[in-house]
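Presented sequentially are two complexes of chain A, the first with chain B as partner and the second with chain C.
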Partner chain A sequence: MKLVVGPFNRVEGDLEVTLEAEDGVVTEARVNAPLYRGFEVMLQGRDPRDALVITPRICGICSISQSAAAASALGAAMGLAPTPAGADMAALIHAAENAADHLTHFHLFFMPDFARPDYAGRPWHGRVVERFTAMEGSAQRQAITARAELLHVMGLLAGKWPHTLAIQPGGVTKAPGAREKARLTATLRAFRRYLEGVLFGGPLEEFIGLSDVPSLMSWGRGDVGLFLTLAADLGLMDLGRGSGRYLSFGAYRRERGPFFASGLWEGGAQVFDPGAIVEDLSHSWMEGEAAHPYDGRTEPDPQMASGYSWCKAPRLGGRPVEVGALARMVVDGHALGLEMAGGGVLARVAGRLLELARTQVLMEELVAGIVPGAEYMARGGMPSEGRGAGLVEAARGALGHWIRIEKGRIAGYQIIAPTTWNFSPRDAGGVPGPLEAALVGAKPGVEVQHVVRSFDPCMVCTVH
Partner chain B sequence: MNLIWLQASGCGGCTMSLLCAESPGALEMLEDAGIRLLWHPALSVETGEEARKILEDAAEGRVPLDILCVEGAVARGPGGSGRFQMLSGTGLSMMAWVQRLSARARHVVAVGTCAAYGGVTAAGGNPTDAVGLAYDGAREGGVLDRPVVNIAGCPTHPGWVTETLSMLAGGEVVELDGLGRPRFYADHLVHHGCPKNEFYEYKASARDLSEIGCMMENLGCIGTQAVGDCNIRPWNGEGSCTRGGYPCISCTSPGFEDPSHAFVETPKIAGIPVGLPTDMPKAWFMALASLSKAATPARIGTNARADRVVVPPTLRKK
Partner chain C sequence: MSLVESQIETFYEVMRKQGITRRSFMKYCSLTASALGLGPSFVPQIAHAMETKPRTPVIWVNGLECTCCSESFIRGAHPLAKDVVLSMISLDYSHTLMASAGHHAEAALEETIEKYKGNYILAVEGNPPLNEDGMFCIVGGKPFVEQLKRVAKDAKAVIAWGACASYGCVQAAAPNPTQATPVHKVITDKPIIKVPGCPPIAEVMTGVITYMLTFDRLPELDRQGRPAMFYGQRIHDKCYRRPHFDAGQFVEHWDDENARKGYCLYKMGCKGPTTYNACSTVRWNEGTSFPIQSGHGCIGCSEDGFWDQGSFYDRLTNIKQFGIEANADQVGMAAAGVVGGAVAVHAAVSALKRAQKKNEKVEG
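Presenting the complex of A and B:
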């Protein structure tokens, strides 16, 4: 039996999933990103600095991540690093977006499916209906308010959100002073009050200190506790399990290194070689050969003759990887993250919640470290020839920009977004992408919804 | 009032910005205005078949549609087929859905510069042949031949959207400017209320990003020509582009995505910036600028090149 699921909403952007099912379970899945815009083509021939205006507009939910990747790629080409204070403010702006995105995903995109009548009669259902019914649930309303207030960080440091020009290769355009520090402190205290009072229902440090799955499952407080209760009831750890191969480019690069480590993990830490990244085009509506992003091209096949998605299929050392908050927690070596490695829906969502708690701590540390009068911007010139890669972590996982500059203009610009990894189509060897693999064994219907949304896909980034 | 929101060829950022509405929040504001969201791709529970039924019912006139909001440009390519964006699960292009639903809608609202004029989706040679709903850049055209409210901006301020929708729901006339933008924000310039106004008065200019001087002379700022009340009502608490230390790139204007120069560099001829304020005689501008530049107090000249106020205002003590 063949099923086409679309429009698949509450994901950022456009998604269609085609399922083959037998005896009530999915036997094969094909994931289609049905929107193509051609950002890599638009950038050709432009002044390299224009990438800082154009690439954030790939995505309205991870706009800052795109800014950070572009700034980092340009910086690499220029041989320019941000000042330590500038790097910290860029990290703070980026962390605020990622925290806001995790909140948006949990409340607006993921949880409303558990308020569906499918689950009427479950002991937790009434509470979920009250808290998470789409557009009406009390938790949704509280989260939207908390998010809007958290994003005052953007008003103070980045002008506005989304789509800022505040993050530059040398640092940030706005130097915070004592007043900004006081305001940011107040904003973050309010956000902690919300997280501890409503979402987690307890001290963040206590949640961060959880080191195994049984103690996680007995958390029992706040909306997190409500989620864990239903997750245990529905067996969400085993639904949509991942392959256990995780990649993180490392998040929030500060002077002494990234706050969340970079690396490849598969049963243990593995050597990560960015040179081993290749985009395979065998099942996408793209022309050309598989290539490393420095050599990659973006030439859509207007006939859409062979393939089933606009998405390319990135592979690391010839194989797919899963990226995202869970991947970051695993690669970073967090005890709970490591114990959840290879897990399904529950692991991805709990990984995100764990990261949200840890991100709050990071943001507080960054604000406490603000020194009025420090240098927030380093200056440098744009070379007429050069290349550079910007590897960062968006809320949804590893995001890379690769730029080539010739005669002072952009000669090549390739982007691999987190969901390009997670929702890739098959490669030349017929190996499915991470979501395609995770869907096998799920029941068509609401289970498929949970698996897909557990990845927090961002489809506008996927194809760009 | 029934409202359907479609996300066409764009980034979804105008919805993300809308959710930053405060006092009250976006959902409360729509609710209070009597607007029912029949379907929104980021917010509604209905997915797949359930969503298709809602769209089909509205397109066939079985359920009245008062307001159609479209976010994102409409991709007409390849070859006029619209297949660069298929509305998944329906076998139809987004272009076809926008045309079908707009024929039933009492009001059509383009949310964001992409939906209004093409915007960034139409940048760099426009690889997907994307246009706005009723405009192709600054020219009337696009895919609809009917009145459209163009809430241009990249992204839109949450207030621009909630206030336009409240006015439509309340039966009030939304007055539009010559490019279809609501006048309540398009009658202002980004320059109005810009914290760099004193620097502008003396043409005390920043030369590099992060310096707090006026960004018009060197850094590509066109806030004196761009419409928007960005510096009158704040973004995200208390921000705006110029408050954030970077130039206004006139994101409310058709064609802003392809300036003939780098965004953060002011094009000049013989050292004089081109593109001076539109409604001021150029000779007068030049005369005033050279006069005020010569009269720049040391405080303003010094601060303009710093990343914070280093020379405070002189105190007048009795």
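Presenting the complex of A and C:
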């Protein structure tokens, strides 16, 4: 039996999934990203600095991640590193966006599916309906308000959001003063109050201190507790299990290194070589050979018979990897993250919640460290020839920009977004992408929705 | 007008159903009045209109875009105003936020079109790509341009949210690989209100939609089709760094002393002098700031063609300085070459006056 699921609502962008099912379970899945805009093509021939304006517009939800990756790629090409204070402010802006994204995913995109009539009669259903019905739930209103207030961080440091311009290769254009520091402190205090009072229902440090799945499952407080209750009831740890192979580029690069470690993990830490990244085009509507992003091209060919998606298939050392908050928590070596490695829907969502709590602590540290009058920007010149990679972590996982500059202009620009990894089509060896693999064994219907949403797809980033 | 005859319930009825109290309703009316620049004397008129007029249904569709407009919108001005407007929209169809998925969603769209034929407002986020028969943006197995045409056919008016729907935006940047095309080039037989910006300011979005819902008419538009009340002035006209421009004090490098002093960003490529928008007055993220306040120039994202005017970091030429400019129209046209129907500087003030005059005629 063949099923086409889509369009999906409540995801960022457009998505279609084709399923083969037998005896009521999915045996094969093909993911199609039906939207293509051609950013990589438009960037060619432009002033390299324009990437700072154009690439954030790939996505209105993770625009700062795109901005940070572009700044970092340009910085690498220029041989310029941001000042330590500038790097910290860029990290703060970026962390606020990622935290806002996690909040949006949980409340607006993921939880409303459990308010469906499919689950009427479950002991937790009434509570979920009250808290999470799409656009009406009481939790959603609280989350949207808390999120808007958190995003004052963007106003104060980045001018506007979405599509901020403040992050530059040398740091940030806004030098915060004592007034900003005071307002940021108050903003973060209010956000912590919301997280502890409503979402987690308890101290963040206590949640961060959880080290195994049983103690996680007995958390029992706040909307997080409600989620864990239904997750236990529905067996969400085993629904849509991952391959257990995780990649993180390292999040929030500060002077002494990223706050969440970078690396590859499979049963333990592995060597990560960015040179081993290749984009395979065998099942994409794209012409050309598999290539490292420095050499990659983007030439759409909708006629290509073997293609079924605009998405390319990135592989690391020839194999797919899962990226995202769970991957970051695993690669960073957090005890609970490691315990959940290889897990399904529950692990991805809990990984996100764990990271949200840890991100709040990071943001507080960054604000406390603001020194008015410090150097927030370093000066550098754009070379007429050069190349550079910007590897950062968006809310949804590893995001890379690779730029080649020739004669002072962009000669090549390739982007691999988190959902490009997670929702990649098959490669030349027929190996499915992480979502395609995770869907096998799920029941068509609401289960498929849970698995798809557990990755928090961002389809506009995926293809760009 | 009698309530009984109307098939569609009134705004007030909807709001009451959503659990909004009479008190909050009145507060909403006064917020609306102030958002539109109207005095307290208009509050009863707005309230009366909302109590007696059938509500205006809204269908919100997404084409080739990045969802930044929705993002901006859901953080709208006042929480109450946002709640109210959002609950109005949710009743009908919104791709990003609604509960149902897949074919249910498609069915909901058809049903909404049938039910409110000729009466609904179509809000478009993003635009249709026309290359390869629309293959680059597929919704429900069909090119988005088909959905757009189908929904527009029975719409009363169309709102083009953001630079994508209004002008094309960066996805239409040369060589425009997908032939991303603004809405007015595809829909030619309906009134279109352009609300440009990448994204538009939340308060501007709620302001425009509230005006249309409340008064059941289009706001006054400038020659480019933008609501004059929000796009009547240049960023430059109300920029808090303007005195530094006039005094000839400019930032030369991101990290120089002048940057620290908050001097004018014109030499860093700021497009404030040729950009019509409300950023320097309404500001962003609940009024906290706007790009120039973060030390980066304006890129002119609410102007047609802003993505293909040379580097974003090149400075504008032909801008006169030190207060000798005679006419904002000339500046706009000379420098950007795209602000053909530029609006006079006083437009915001006069728009406000005109709006007040018009509103005196509002009947229940």
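Here, the second predicted complex is superposed on the first by the 461 of 464 C-alpha atoms of A that agree within 3 Å, B and C clash if a C-alpha of one lies under 4 Å from a C-alpha of the other, contacts with A are read in each partner's own complex, and residues count from 1 in each chain.
Just so it is clear, contacts are C-beta pairs under 8 Å (C-beta built on N, C-alpha and C of every residue); 3 or more make two chains touch, one makes a residue touch a chain.
Computed from a prediction, not measured in an experiment: that's the story for all the values here.
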| item | value |
| --- | --- |
| Joint occupancy of chain A by chain B and chain C, clash or fit | clash |
| Chain B versus chain C as contact partner of A:36, first or second or both or neither | both |
| First, second, both or neither for A:304, with chain B first and chain C second | first |
| First, second, both or neither for A:161, with chain B first and chain C second | both |
| Partner chain in contact with A:146 - chain B first, chain C second, else both or neither | neither |
| Partner chain(s) touched by A:85 [first = chain B, second = chain C, both, neither] | neither |
| Touching partner for A:15 - first (chain B), second (chain C), both, neither | first |
| Which of chain B and chain C A:95 touches, first, second, both or neither | neither |
| Chain B versus chain C as contact partner of A:195, first or second or both or neither | neither |
| First (chain B), second (chain C), both or neither touched by A:336 | neither |
| Clash-bearing segment of chain C, relative to chain B, as chosen among 25-33, 43-51, 313-321 or 349-357 | 313-321 |
| Common interface residues of chain A - those touching chain B in one complex and chain C in the other | 4-10, 12-14, 16, 34-38, 41-42, 46-47, 49-50, 52-54, 57-61, 63, 108, 112, 115, 133-135, 141, 144-145, 147-149, 151-152, 154-166, 168, 171-175, 300, 302, 376-377, 379, 449, 460 |
| Chain C-touching residues of chain A, taken from the complex the two chains share | 4-10, 12-14, 16, 34-39, 41-42, 46-47, 49-50, 52-54, 57-61, 63, 108, 112, 115, 133-136, 141, 144-145, 147-149, 151-152, 154-166, 168, 170-175, 300, 302, 310, 375-379, 449, 460 |
| Residues of chain C defined as touching chain A within the complex | 62, 64-72, 74-75, 79, 82-83, 86-87, 90, 95-102, 105-106, 129, 132, 135-141, 169-171, 173-178, 180, 198-199, 253-255, 259-260, 279, 283-297, 299, 301, 307, 310-314 |
| Contact footprint of chain B on chain A as seen in their complex | 4-10, 12-16, 32, 34-38, 41-47, 49-50, 52-54, 57-61, 63, 104, 108-109, 112-113, 115-116, 133-135, 140-141, 144-145, 147-149, 151-166, 168, 171-175, 177, 187, 300, 302, 304, 372-373, 376-377, 379, 449, 460 |
| Chain A contact footprint on chain B (complex, rising order) | 7, 9-17, 19-22, 25-28, 37, 40-48, 51-52, 75, 77-79, 83-90, 120-121, 123-125, 127-128, 130, 154-155, 208-210, 230, 234-247, 249, 251, 257, 261-265, 307-308 |
